[in-house]
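Per-chain numbering from 1; labels A, B and C assigned in written order.
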Amino acid sequence: MNWFTDTLGTSIGKKLMMALTGLAFCGFLATHLAGNLTLYVGSEAFLSYAEHLHSLGPLITLAEWSLLTLAIIHVATGLTLFYQNWRSRPVRYSVKKTAGGRTIGSRTMPYTGILLLLFIILHLLNFHFVDKTGTNIWNIVTDTFNSGGYIFIYIIAMIVAAVHVSHGLWSAFQTLGVDHPKYTPFIRGLSIVFSVIIGIGFGFIPIFISISV
Amino acid sequence: MQLDSKVPGGPIQDKWDKHRFDLKLVNPANKRKYKVIVVGTGLGGGAAAASLAELGYNVLNFCIQDSPRRAHSIAAQGGINAAKNYQNDGDSIWRLFYDTVKGGDFRARESNVYRLAQVSTEIIDQCVAQGVPFAREYGGLLDNRSFGGAQVSRTFYARGQTGQQLLLGAYASLSRQIAAGKVKMFSRREMLDVVTVDERARGIVVRNLVTGEIEKYAADAVVLATGGYGNVFFLSTNAMASNVTATYRAYKKGACFANPCFTQIHPTCIPVHGDYQSKLTLMSESLRNDGRVWVPREPGDKRPPNEIPESERDYYLERKYPSFGNLVPRDVASRNAKEQCDQGKGVGETGYAVYLDFADAIERDGKAVIEKKYGNLFQMYEKITAQNPYEVPMMIYPAVHYTMGGLWVDYNLMSTVPGMYVLGEANFSDHGANRLGASALMQGLADGYFVIPYTIGDFLATAGTNDVTADHPAFTESEDAVKAQATKLLSINGKRTVDDFHKELGHIMWEYCGMARNAEGLRKAQGLIQKLRAEFWENVLVPGEEKDLNQSLERAGRVADFLEFGELMVIDALHREESCGGHFREEYQTEENEAKRDDENFCYVAAWEYKGDDEAPVLNKEPLEFENVKLTQRSYK
Amino acid sequence: MTKTINLTLKVWRQKNAGDKGKFETCQARNISTDMSFLEMLDVVNEGLTVDGKEPIAFDHDCREGICGMCGTVVNGRAHGPEKGTTLCQLHMRHFDDGDTIAIEPWRARAFKVLKDLVVDRSALDGIIQAGGYISVNAGGAQDANNLPVPQDKADKAMDAAQCIGCGACVASCPNASAMLFAGAKISHLALLPQGRPEAAKRAWAMVKAMDALGFGNCTNERECEAECPKEISIVNIARMNREYYKAGFFSGEKN
C-alpha cells in the first residue's frame, strides 16, 4: 500500500473520509436548498433556476459524478465502520445506559444513513431518472407532491436527514481535529441550527407545494 | 553474620563519585549476555528494569497487577524532593542530606543519604525529559512547594498525582524497552520464593495468578523492588495487594531484615469509620501547607466545628512547635493527634479525628487558588465522606503509610544474599526511623535510575553469568515447597476466612506495635500473634482451586507471611529500648513527650537473620557512624 | 448519615476465559451506606466463602481511585452511576434499599474475560508500547529548567496525563474504541516540547497498534469522556487526529 491509502485505511483515516465526504454533502445540501427555495417563489423562478443549472453543461456532469463518488466513499466507509464496530464487542451488555454523551443523532447514525440512502435512490427516480419529454420539472414536482404518500415519505426523510446532520456536522469538525474551547460550542450550535434549517427548509416544500398548487 | 556495608572511604561528598570509578564495568557487548530479574514495577522496579534494559541487559520484569502501570507508587500524591534550589531559598545537597538524616532521627546510613541527595537533582532532569508534566510557574519554569520536615521549598509536584506521573514516566520507559524486546514483562505474577545455590541468588519462583501454575525463572541477578509491609496492620494506606511475601521469603533464604519495627504513621488520612473498611485513604501531607490542625480546647466538645469560636480552639501544632507549626515531621504530627484524641479532644463520630481547617487559607488566597493546589484531594475527600472541605473543616487521623524497615542492603543495594539487590521501600536504607514527605519517590527513582545500573555491573563483572538453570534441583525443591503450601492452605477447610485472621492480626499490631509501644504490650502481642498463627493453620477457610485464578488463595499466602513477619516486627520493637522517629517506646520519652533516643546503645541498624521456623531470629548489628552530622535531640520548636 | 441497606446483586460469573458464563443472583445484606462498592463486594465475598461457595473474582488494588485496576459495568454504567468516579470510590450511599444491581465485566473484543469480573486489559499496554513514550535513556537529560513549558500547555498535558488506564472509555464506548485512551497519551506528549520530536511517529504507531489490537472505531459518541473517571476530554481525540494527519500527510518520514 502506498502512504496515501495507508493513511486513509486506519480507524482515523476512515473517520477522515467520512468527515470530508460528509462535509461535502452538507455543502451540497446548502446549495440544493438555496436552489429549491425558488420553489417557494413559484414555477417561473424555479424553472429559470433549473435552466440556469442545466446551462452549466459539462460542469453539472462533473458535479454529478463527483457526488456519486463521494456517496460511494461515504456509504462504503460507513458500512465498513458499522460492521467493524459491531464486531468489536462480541458479547453485549445485558444492561447498558448512556452516560450522557450520546445524542439521538449520534446513536442512530448508521440507521439514518441507510434510510437516507434509500431515500436518495427514490428521490433520484422521482426527479432525475424520469422522462422529462413533454413536461417540465415544475410539473413533475407538483405531480409527485399530489400524492399524500410521497408527502409523508419526503417529510420523514427530511427529519431523518436533519437528525443525521445534527451529529454529522460537528462530528466532522471533531474528526478533522477542530476542537477548541472557543469555537467548539459555536460549531455544535451551528450543527443544530443547520440541521433544523435543512429539515424545515426541505421538509416544508412538499407541504407548500401540495397546498399552494 | 558480619555485615559489611561496603561504604567507600573518603569525604562524604566524594564517596559516590569515587565508588562509581571503582566499580567494575561490564563491556557493552557483554551486557546482552546477562539476564536480570526485576520483581516489581513501581518507581524502583520500573525504573531499574527500564534503565538496565537501556544499558543492554536482558531483563525479566514481574508484577502482581495486570499491568506494570499500576504499582502502588502510583498513589503517592504530594511530590518529590530534589536539592535543585530553584527557589533560591538556601537549599543544597548538603541541606537535603541533613534534613533527611535528622528527619530519620539519626538511624539512617549517612553515605546512602548523601548519595540520595546528590542524585535527587538528576531525577528531576530525567523525569522532565520523559515528559512528566510537573507543575510550572507562569514563566514556564518548574514550581516547588514546601513539605513537612523542611524549611525550604524543594518539592516538585504534578497536582496531587505526583506518584502517578512519575510512575507513568517510568512505565513509559519500561514500555519502550518491552517494545524493543529488552524487557520481557510478566504481569499477574506473584513472587513466592528466591532460589539460592552456593550462596548466590539464582532466580525466583512465581505463581501465575491467572492459571495458578507455578513458574521458575533463572537469571544472573535478582532485583527485588516489592514495596513495603504496611498491610501487616490490615488497615493502611497501602494498596490491597501490597504485601511482605517477596521480602519475607527472601529473608527466609538468608537476606537479613533490617529495622522491621520502623513503620511510619501518616498524620493526614481520612479517619476509620467502620469494621467493614478495607483500607485507609491518605490525603497528601502537602495539605498541611495551608490547612491548620486543631481540636476543641475542652474535651468532649461535640459542637459542629463552625460553632466553636476561635478562642475555644487549640491549634496544638502551632502552639507547641512555633517554628515548624503544622509542618512538623510525620511522626511528630501523628503522635500529637493521638495524644489529643487520647485526652478526649478528638472529633467526629468516633472521637478519633482532628480537624484540618482551610478556612484561613481560603480567606487569604481565595477559593480558586486553594482549588488549583488541592482540588483533586478535596474532591476525593468529599467523595469518601460526603462532606465539603471548602465549607467544613476536614477530619483527619493518622494511618499506617510507609515502612522504613526492609531488607538490609549495603552501599551497592545488595542484600546479604549475593546477587540479590533490593530497591525502594523494600530495602531499609535511606530513611532511618522516619521518612520525610516527598522522599519515597526520590528514593525509589534514585535506586532504579541512578544506583542499581552502576552497582549491578560490578557484581556481574565479578561473579560472571549464572550457570544454574531453572531445572536445577534447588528450583524444583522451591517449587515443591510453594505448591505444598498452597495445597495445605486449601485443605484446612476451617471456619474463619483469611480476611478475618488478617483483621485480627491488624488489631494486634495497631494496638501494641503502632504509634506508641511498650514492653508489656509488645510481649503480649508476641503471644497473641503466635496463638493466632497457630489457629490460622488449623482453622483457615480458603475456597477455590489451586490451578485457577484464586484471589482467596493469594491472600492466604500473604497473610500466612504477615503472621510470621508481625512477630519479627514485635521482636525488633521490643529489643529497641529507645524511642526514635516512628518507633515510639512509651518508656523512653523526654519530659515534653518527645521521642528520646539512646545513641549510646542503639545507634545501629538491627538486621535480623532467619535461623529456622522454630528458632529465634539472630540480631546482627551494623553500627551507624555519623561523621558529618552531629547527633542531636530532634527539635521542631 | 450512615444507614444500612439490602441489595440484590445480579453478577456475571464465568469460570475462565473459555467458559460461556452466566448471571447469578446473590443478596447483599446490611450494607452500610458509607461502604465503597468494592467493600460491599468484600462483604458479599466473605458471606459466600463462609457458605462454602466461591467468592466473586474482581480486580482492585489501590482503592483510592488512582491505580486503574478496578472497574466493572454497574447497572449499565462503567464504574457505576457517579460522574468522575472509579468503582472503588463509588459509595453505597448512591444506592437505595431494595435496589437490584447488575454487575458485568468490561466487554470488548480487545478485553478478554479471565474470570467473573476480571478482564485482560493488556491491549492497553500494547498501545503504549507502540509509542507512548519519549525516547530518552536514563542519564542523558539536560537541566530540567532549560526547557520552559508554558503553564497552560503543562496544565493541558497534565489533564491528558491523568489517565489511569482503567479501560472505562473502551467499556462505555458503543464501539469499544480506545481513542480516548490513545488520544490522552498522544496529547500529553504532543503538548510538551520534549514530546514534539517524536510526535508524528508516535501518533502513527499508536493508531496502527490500536487498530491491530481489535478496538473499534470512534464515531464521536462522547460516551468515553462522560464516563472517564478522570474526566479526560475528547479534545484529546481531536488533537490525536491532528497529529495523525500530520504524520500521514505531511511528515517526511517513511512510516
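We take it that a residue touches a chain if its C-beta (ideal position, glycine included) is under 8 Å from a C-beta of that chain, and two chains touch if they have at least 3 such contacts.
Just so we're clear, the structure is a prediction, and the values are computed from it rather than from any experiment.
**Q** Building nodes from the protein chains and edges from chain pairs that touch, which of line, ring, star, complete or other describes the result?
**A** The chain contacts form an open line.
**Q** Looking at mean CA positions, which chain is nearest the middle of everything shown?
**A** C
**Q** Chain B to chain C: how many Å between their CA centres?
**A** Averaging C-alpha atoms per chain gives centres 27 Å apart.
**Q** Roughly how far is chain A from chain B, centre to centre by C-alpha average, rounded to an integer in Å?
**A** Going by mean C-alpha positions, chain A sits 61 Å from chain B.
**Q** Could you work out how far the Cα centre of chain A sits from that of chain C, in whole Å?
**A** 36
**Q** Where in chain C do residues touch two or more of the other chains?
**A** none
**Q** Pull out every residue in chain B that's touching 2 or more other chains.
**A** none
**Q** Which residues of chain C touch chain A once you look at their complex with the stated criterion?
**A** Going by the criterion above, the answer is residues 23, 73, 75-78, 83, 102, 104, 107-110, 113, 172, 174-177, 179, 207-208, 210-211, 214-227, 234-235, 237-242, 244-245, 247-249, 254-255.
**Q** Per the contact definition, I'd like the list of chain C residues that touch chain B in the complex.
**A** Touch residues, chain C against chain B: 2, 16, 32, 34-36, 38-39, 42-43, 46, 48-50, 52-55, 57, 59-69, 82, 84-85, 89, 91, 93, 114-115, 118, 120-122, 124-125, 128-130, 132-145, 147-151, 154, 157-158, 161-162, 164-165, 188-189, 192, 194-195.
**Q** Enumerate the contact residues on chain A facing chain C in the complex.
**A** Against chain C, chain A makes touches at 3, 6-8, 10-16, 81, 84-85, 87-102, 106-107, 109, 167, 170-171, 174-181, 184.
**Q** Sort out for me which residues of chain B touch chain C in the complex.
**A** 47, 50-51, 54, 65-70, 72, 74-75, 84, 86, 122, 124-131, 133-142, 158-159, 161, 163-165, 168, 171-173, 175-176, 178-179, 185, 187, 210, 237, 239-241, 273-274, 276-279, 281-282, 379-380, 383-384, 386, 449-450, 453, 495, 497, 499-500, 541, 543-544, 548-549, 551-552
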